Amino acid sequence: MASSPGSNGKYNGKVNGKIVSLNLGSTNPGNINLEVEIAGIKFKNPVIAASGTYGFGREFAEFIDLGRLGGIAVKGLTLKPRKGNRPPRIAETPAGILNSIGLQNPGVEGFINDELPFLRKCNTAIIANIAGSTVEEYCELAEILSGTDVDAIELNVSCPNVKEGCLAFGNTVKGISGITREVRRYCKKPLIVKLTPNVTDISEIARAAEINGADAISLINTITGMAIDVHKKKPILANNFGGLSGPAVKPIAVKMTYDVAQTVKIPVIGMGGISSGEDAIEFILAGACAVMVGTWNFVYPDACVKVLEGIIKYLGIYNHKSVYDLVGKLELN
Amino acid sequence: MPLVLKEEIIFNKELVPGIFELAFISEYVSQRAKPGQFVNIKCCDGLDTILRRPLSICSVNRKNNTVIVAYRETGKGTRYLARKKAGDKLDLIGPLGNWFHVSDEYKSIAVVGGGIGVFPLLFLLQQNPCAFKGAYIGFESNTCIVMEKEFLHCSDKIMLATNDGSKGFKGFVTDLLALNLLQEGSKGKINGEKYDIIYACGPMPMMKKVFELASKMGIKCQVSLEQRMGCGIGACLACACKVKHDGDWHYKRVCKDGPVFWGEEVDFDG
Amino acid sequence: MASSPGSNGKYNGKVNGKIVSLNLGSTNPGNINLEVEIAGIKFKNPVIAASGTYGFGREFAEFIDLGRLGGIAVKGLTLKPRKGNRPPRIAETPAGILNSIGLQNPGVEGFINDELPFLRKCNTAIIANIAGSTVEEYCELAEILSGTDVDAIELNVSCPNVKEGCLAFGNTVKGISGITREVRRYCKKPLIVKLTPNVTDISEIARAAEINGADAISLINTITGMAIDVHKKKPILANNFGGLSGPAVKPIAVKMTYDVAQTVKIPVIGMGGISSGEDAIEFILAGACAVMVGTWNFVYPDACVKVLEGIIKYLGIYNHKSVYDLVGKLELN
Amino acid sequence: MPLVLKEEIIFNKELVPGIFELAFISEYVSQRAKPGQFVNIKCCDGLDTILRRPLSICSVNRKNNTVIVAYRETGKGTRYLARKKAGDKLDLIGPLGNWFHVSDEYKSIAVVGGGIGVFPLLFLLQQNPCAFKGAYIGFESNTCIVMEKEFLHCSDKIMLATNDGSKGFKGFVTDLLALNLLQEGSKGKINGEKYDIIYACGPMPMMKKVFELASKMGIKCQVSLEQRMGCGIGACLACACKVKHDGDWHYKRVCKDGPVFWGEEVDFDG
């Protein structure tokens, strides 16, 4: 609990009920190594914006310097542009939200032409999140994106909001094995497979992804849910069902991250309900070497930076020199 | 860079049962806000409501940096808001969204507002220097009327409708508008009310009606839409609204491409 | 939206943003039929205390008249008394709680001798919730309890908090089929099978329970989760993992209730995060003919009564004459 | 029937950084509370914290129905509590739990409290009419000492320890206790301090030590335990504590069977 030398800011607060006061840089105090490596890509720090919650970064660039982020996972891309679902597309639930955006996106070509050049200038890792209705579509997307300078490809095999649904690929060992194996053949970039929590045993799904060529696992995507307007006697979402995210899901996400990290050897990126540095540390202790922040970006557009600052503060307080000092360092009772 | 602001509340008072007027000091918002824009408010700390609530900017005083919003207590978020007191801080982002189109060419404008839809229109009238400003405002009944004085103050003519006829014209504000516009159309310029543009805000059926009337009369028309929002800044695509586009249609974002749209763009039944 | 005749209380509030004022009895206005029938048992109203959150009723009897409840599902019973897990056994999470009680209970004989006589005097339906480590144990429990005057038996095949775990029975079609079929042979009481949400497809599990002899389905049990004390670098629960319940899970529970109600013909009892009459109505619209209230009893010991009053208010406002006017009456968009 | 109470706060003040004293009016609680019992407080409306937080009753005035609790701002719940002001309502259930055993046979009692553990002991001293009352209270340092005056007022002898020696005895309060008890034990009745019972509340290792000392001296000992709670009324079995029982052990409920236990029952390492 010593203060971290080399820092220039100041932290007055409580740790475990005790008041501590220490100096700490508002950004990264010199001697803490925030870098994490996932599938050969170096992320300058472990905080990545979660797919679908950050668009293509532009809107957030008005609030923060995107260069401070470890990376950005862009909105899920499909081969052709998609219009998305009918509104309302969002509903607030206890400590969470349901969404049914329905993968509205400009299509992979639109992304490459209109969005990627801007993103590339931002000095942060870019992860292309892809979704399709057939294995072939996924392969084509991976192939096209392998020809660009995105840093990695994230396979969204778990989007619950589209009828022709990619969910089917994500919730069986067979489905995940097949799609990972096929996409791997076309994907020349590091391949992150993003898992759905809507399964009985997420470890076996993660292992199947690993065996079939995933370079990393990210989890969790949203949990299927529904909210009803009791006065209209109809679901709030025009799509009837949606995906639950936000703080409400955090304990579920932490448990699944732990289970998956116990199972696979490849790096794990954890997410689900993160809204502070301490939340992020939970995932890191559970075995994630990086985290993604989703819903909380809607509440505070500078959420990713705040989470990063919280991580740095924590590392400083406990005198850790690197994120890896914490990865998987949870002690069970 | 726009910021997440923490601004001080000056007052927060109930105008009529369930409708509140809230004033806060914000140099940032007051110096930038344009009529039609909104602020996005975190109504309580913590997790009890997590999403921000969008409220239109109702009035701005650039000299003393006060900003006014007005709102109906609808659900959890606005209930929290209603509990706030002078001196409390308001956690908000704004001004957000686009704004009503104004132009020197518009010599005569009308605003048509229904219920809580009147608020952004007040700001528009206050800021607009054009020659003639007509205000059509409709409420459910006498007991729900708010800001009448303010509308009087900044318009050249005010026409008021209540659904139950307890004050002003009895019926929908669109009926009142229709009466006036059509009268004019058939019998020539009666009241001197010939509008270059009509701005509408209120329930969807109301705005649809206004647009239809305006089209018929060859008057330009802008409407301000509502939709449930996630981020309020254009990133999440939650706040979709259907707009026509090259014979086809697509979804635009109420929070960033709107909330103000040209009537002819909008698919009012979408 | 007419006021409900025959009532003697008064309701001033908002429906859909409009202010309404109507008279309404604080209990049941005469002409609303609150009774629901599940597997031949008549519940005087659709609000039942959820297993494990109400003990054996005694403590709540100090706060409310238990006779106002539709029923009480008692703490999960095992053949032998169980000591339960080490504390801490509970952790607060965003809008929810994690618990790992570990089925501490006096054993089925202790229940029959020391608790049931008290409960029987309470003028409410009594549901015995049972859990075991083997199929044989479940069968024996069902047989023993069939010889008592409990009203129904609820099969807890989904408790995530015990190592020798009954979870295994609940998360596969094969497991649920086998245990339901066997227990059915010994169970002379209406048999409610309680489902775990920790599965890929809850409908197929529900159908398997129905086919194999369940008289009713209840859902959801808790969702597996974990919360970490980042300062101690250990899970908060001594048992490391626990079951998530409370408002946070409501959208997940409503969706699953809907899915199951769409699938089975037997009655469905919905639960998960209910804290108000309107929450309960969500489940009823989704297809449940009764609801259980769990975690919220901890926050307000009169929660069940408040939920019931909320349901009555709602029925009154919309001029419904019976709970069945609402069961499954959700209109999809 | 015990009720969910909404009681009015009289004051809520910070005694030393991070430690607050809160007074509320409650006829129900004040007329029933016994030393050792607690109230269970919903620290905020809504969902930001859902479980109630247990706080020991620190003092009661039966004439004017005021009840005092004192607490350390530890996490989310107590942070909300710390923000409450005079006039705000407190949503609470209580008095809950069992109480310290008192008896005419106890002519001389001692209380041993560490940190926030001192609060229920103050109530005990205030209510207890016995001949001699000794108070051993320990804090981390001078800057954390609270309620010293109150303890002075209702005890016959007060012994204060701070870990850093910034005031009173330097060291743990248990060391101070040991010094006194053992001294007495070897050299006979020195200060007139011979206790019939010792009541302890504070960190588990402290209470263990107190019990060991008391046992050695043949003095009865009660301790007040803490555990994370669900319901606070005995129904959920969350608040388990290990107690010895017929050579075996089982879990009792801190909220209902406790929070007060006889020292010999408790498995201090469980």
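Every chain is named by a letter (A, B, C and D) in the order it is written, and numbering of its residues begins at 1.
Heads up, the rule we're going with is that a residue touches a chain if its C-beta (ideal position, glycine included) is under 8 Å from a C-beta of that chain, and two chains touch if they have at least 3 such contacts.
No experiment lies behind these values; they were computed from the predicted model shown.
Annotation: omitting chain C yields no split, and the remaining chains form one piece by touching. Of all chains, the one whose Cα centroid sits at the greatest distance from that of chain C is B.
Averaged C-alpha coordinates put the centre of chain B at 46 Å from the centre of chain C.
For the pair chain A and chain B, the distance between C-alpha centroids works out to 37 Å.
Note: centroid distance chain B to chain D, computed from Cα atoms, is 57 Å. Listed for chain C are residues 86, 94-96, 246-247, each touching two or more other chains.
Annotation for chain D: residues touching 2 or more other chains are 47. On chain A, the positions that touch chain C within their shared complex are 15-16, 86, 93-96, 98, 171-172, 198-201, 223-228, 230-235, 237-241, 244, 246-252, 254-255, 258, 273, 278, 281-282, 285-286, 314, 329-333.
The residues of chain B lying in touch with chain D in their complex are 44-48, 76. On the chain C side of its complex with chain D, the touching residues are 52-55, 58-60, 62-64, 75, 83-92, 94-97, 99, 101, 104, 246-247, 295, 297-302.
Within the complex, the chain D residues that touch chain C are 1-4, 42, 47, 49-52, 93, 227-241, 250-251, 256, 270.
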